[in-house]
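Naming follows writing order (A, B, C and D), and every chain is counted from residue 1.
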Amino acid sequence: ALPFTLIAGPCQIESESHAIEMASALHELCQDLGIGLIYKSSYDKANRTSVSAARGVGMDRGLTILAGIRERFGIPVLTDVHAPEQCRIAAQAVDVLQIPAFLCRQTDLLLAAGETGAAVNVKKGQFLAPWDMKNVAEKITSTGNKRVMLCERGTSFGYNTLVNDMRGLPIMASTGHPVVFDATHSVQQPGGLGGATGGQREFVPALARAALAIGIAALFVETHQDPDHAPSDGPTMLPLAQMRGLLSRLKPFDVLAKSAD
Amino acid sequence: ALPFTLIAGPCQIESESHAIEMASALHELCQDLGIGLIYKSSYDKANRTSVSAARGVGMDRGLTILAGIRERFGIPVLTDVHAPEQCRIAAQAVDVLQIPAFLCRQTDLLLAAGETGAAVNVKKGQFLAPWDMKNVAEKITSTGNKRVMLCERGTSFGYNTLVNDMRGLPIMASTGHPVVFDATHSVQQPGGLGGATGGQREFVPALARAALAIGIAALFVETHQDPDHAPSDGPTMLPLAQMRGLLSRLKPFDVLAKSAD
Amino acid sequence: ALPFTLIAGPCQIESESHAIEMASALHELCQDLGIGLIYKSSYDKANRTSVSAARGVGMDRGLTILAGIRERFGIPVLTDVHAPEQCRIAAQAVDVLQIPAFLCRQTDLLLAAGETGAAVNVKKGQFLAPWDMKNVAEKITSTGNKRVMLCERGTSFGYNTLVNDMRGLPIMASTGHPVVFDATHSVQQPGGLGGATGGQREFVPALARAALAIGIAALFVETHQDPDHAPSDGPTMLPLAQMRGLLSRLKPFDVLAKSAD
Amino acid sequence: ALPFTLIAGPCQIESESHAIEMASALHELCQDLGIGLIYKSSYDKANRTSVSAARGVGMDRGLTILAGIRERFGIPVLTDVHAPEQCRIAAQAVDVLQIPAFLCRQTDLLLAAGETGAAVNVKKGQFLAPWDMKNVAEKITSTGNKRVMLCERGTSFGYNTLVNDMRGLPIMASTGHPVVFDATHSVQQPGGLGGATGGQREFVPALARAALAIGIAALFVETHQDPDHAPSDGPTMLPLAQMRGLLSRLKPFDVLAKSAD
């Protein structure tokens, strides 16, 4: 199996300069460590806990920024889409379309994403068993587009809590599609702060190690230079300054897992 | 508190004649039993388990049929919407817009539904705690529209299984919004049939009794003259022929619950 | 079906005079309301969260007090047993042996309880599906003792939380054994106070209504004249002063449920 | 941190010759691979699903066999205890007393185990949060015995299913006690076969890798030369013939995890 790819970036696109700064740091880091990078950021946060939470820079501006990152650093970029009509437009600016977990059963969105021909990363719904992702993938591949990635990001476990069932990684891999482990959204505590979603950033390294030891195609980590002041997902994002240390310690687990098979 | 309203109908709009037949039977039944009726049916099943499952008659045709039912029988009608741009159009044909459970966090959809001024019935996401529905309701009421109903339809409980936490009924009622209990989707076994969702129709009467005894504003029940041959939700829908007996036995629990308060 | 029986009393036996006071009040109340009463209290709390929590008056003293209550008021009494060797001794003083939920799979304890010939009330383990109680009941009936009661008291739902799956009531009833609903332990928040178990007393009336509406043989409610100062289970026990009002409001749901069948 | 210890053996003691055969094979294997071994086997299966399931050779015979293994191979042995009075006796024959998960809140059993001075391995109850094991450990250490091990073996997740929350490993480790990962009971499907417990042996290697990558003190694996014909836990035990390959592939993850810290 190939070495893992890192999908990383700040949750939201905040500005062009911020995106360049983040992408530059991640790009340099990944080149130093020999890790493939897909830059991730969202132009719209369409399902926040509260109506008064920040939404993002909007689609036009966001896609322009992402296309700029792709050109400037020569790296693939990923963003999430929330409606069928966004897919074709987004696919002109980015390499990977991402389907949010809550929307992973919306047939029109999956078909529209598939029809672009772009790679599609589908987050497993918190309400879905890993074996049910086979049906989700088939909605996309029914368009003729086989470039589907399936992403674990936690399953509902009682109220305001997610759990990662690590058996889900081999179960989803048995579809033949590459499996992604989203280490930062997995530690969300949905609605756990009343009007916002909390998180347990401190468990990201342990969960990422576990997933890499089992064997994954990509690791998804949201990061920010100052998570506690970020417009969204602060409690789960990792400080950018910790990424080098984290990835250095994680990489040998990927190497070992893939040599062990 | 007022007597409960029944929200009932077949899962999908199958044809005009089928809709008239179903609405006619339910209307007569509810008049006999002195129960208020809102007729429910969907023009599109947008999130089915499998891509090859039947989707419905489409929006234009469906809304025309529903508007016809409303006029013919003089009863309010309800349908679900899946995208912001559908809300304004649907609100011209129906009295209540329904937000599907998977979509209950999609801010744009909630705002668009609210802005129509129509009543909005939001299903609680299977991934959401009942106290988190306060934030969902506030997205709608932020538009100035206070006509929000909150609907229990089961919470994720392990894989392929839902459970009703009956404490959720008083918790959601504490928002001041009317609470609906969806007795048929609560017995879904999501993805439980591999390529389709299963169900446990046999538990609908017990769960409906329990909810009415606690006290609810409306009971939601999908029904069909021949559920085992219906295009969707067959395993959970009740046979139309059982509705009279069921409602006759349920009504006294509502009367008692409301006299007891 | 017969009217429901009330199983009630304080969690722990605190003293002879306290037991007489509680039993006297409950006995009078149940006579007034025409409800059959089984007096419940424990001589030992064998599985408290913390090692420093109060354990109780001990077996000898406790059984003497319970036998006194039985004689004085002419009512059946119930207590829980925690080890096989306790069963024979306890069965001389009480009418119903209760198996705690954590111990519902301990074969030797179930067999020893069964062999006494006393009625046995088994709490469903928080870790068990309702259909698995069939195997538990069979351990007891294998002794020739058919007097088994199966009791719902909540199922693990994420961390520090229980949920009542109301479908469990008819599922357990399908074994042919009477089903009990424990309304106060169902609102426990196990370990929820760090060094102790919390509770949500406010949901007891709603859950009891729901269970009675579905149809149960007995309702189990722990009560105390001053729960907030009781040695155990304070957060879940109901104030004795509220019992008359609660039972008056609950009884019609039982009458209705049983007339509806 | 020290290299992981392997706790392994067949679920039940079947006979002296079987125990010697199993211990011999595991001892040789662990010496070859440089892994410390604690031999595990049970003299009584006290909480099987069905009353007709095999219970074991009994305490006297079982402890004699285990003491023989200890002497013959010079390795520590572990067995589980189910009642306070068993602890003192078992502690004369074995090095580690194990508390079954269902019994992890039984205060008298924990105190009796602690008072022997033997090491005590407590399985986390399927109904318990990992942070609640702090209270469990304190029951044992209140006796002055600090030799406590805390063992993850799965948490209730809906019906007939367990899930490992890998965050539980560092949470339990924060007590300062060594943490054990039980890879075979974690894949149980409790009651999943109707009258018996099922299992998913195929996920043991992935879960063990994940736990070792996070970092644990000991790995617990039940094994048998012919699991499908074993008297208990067949669906979860690993074939003895696979143990060498499994441990060879697992050991580097432990080495890496401990060098990475």
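To be clear about the criterion, a residue touches a chain if its C-beta (ideal position, glycine included) is under 8 Å from a C-beta of that chain, and two chains touch if they have at least 3 such contacts.
Source: prediction; values computed, not measured.
Touching chain B and chain D together: A, C.
If you compare B-C with A-B, the chain pair joined by more contacting C-beta pairs is A-B.
Think of chain C turning onto chain D: fitted on CA atoms, that turn is 180 degrees, to the nearest 5.
Averaged C-alpha coordinates put the centre of chain A at 33 Å from the centre of chain B.
Chain A and chain C have CA centres that are 48 Å apart.
Between chain B and chain C, the centres computed from C-alpha atoms are 37 Å apart.
Contact with two or more other chains is made by residues 155, 157, 159 of chain C. Touching chain D in their complex are the following residues of chain B: 157-159, 161. If you check the complex, the residues on chain A that touch chain B are 46-51, 55, 82-83, 102-103, 105-108, 110-111, 125-129, 131-132, 135, 138-139, 142, 155-156, 159-160, 190-191, 195. Taken together, the chain C residues at the contact with chain B in this complex read 155, 157, 163-167, 169-170, 187, 200, 203, 206-207, 209-214, 249, 252-253, 256-257, 260.
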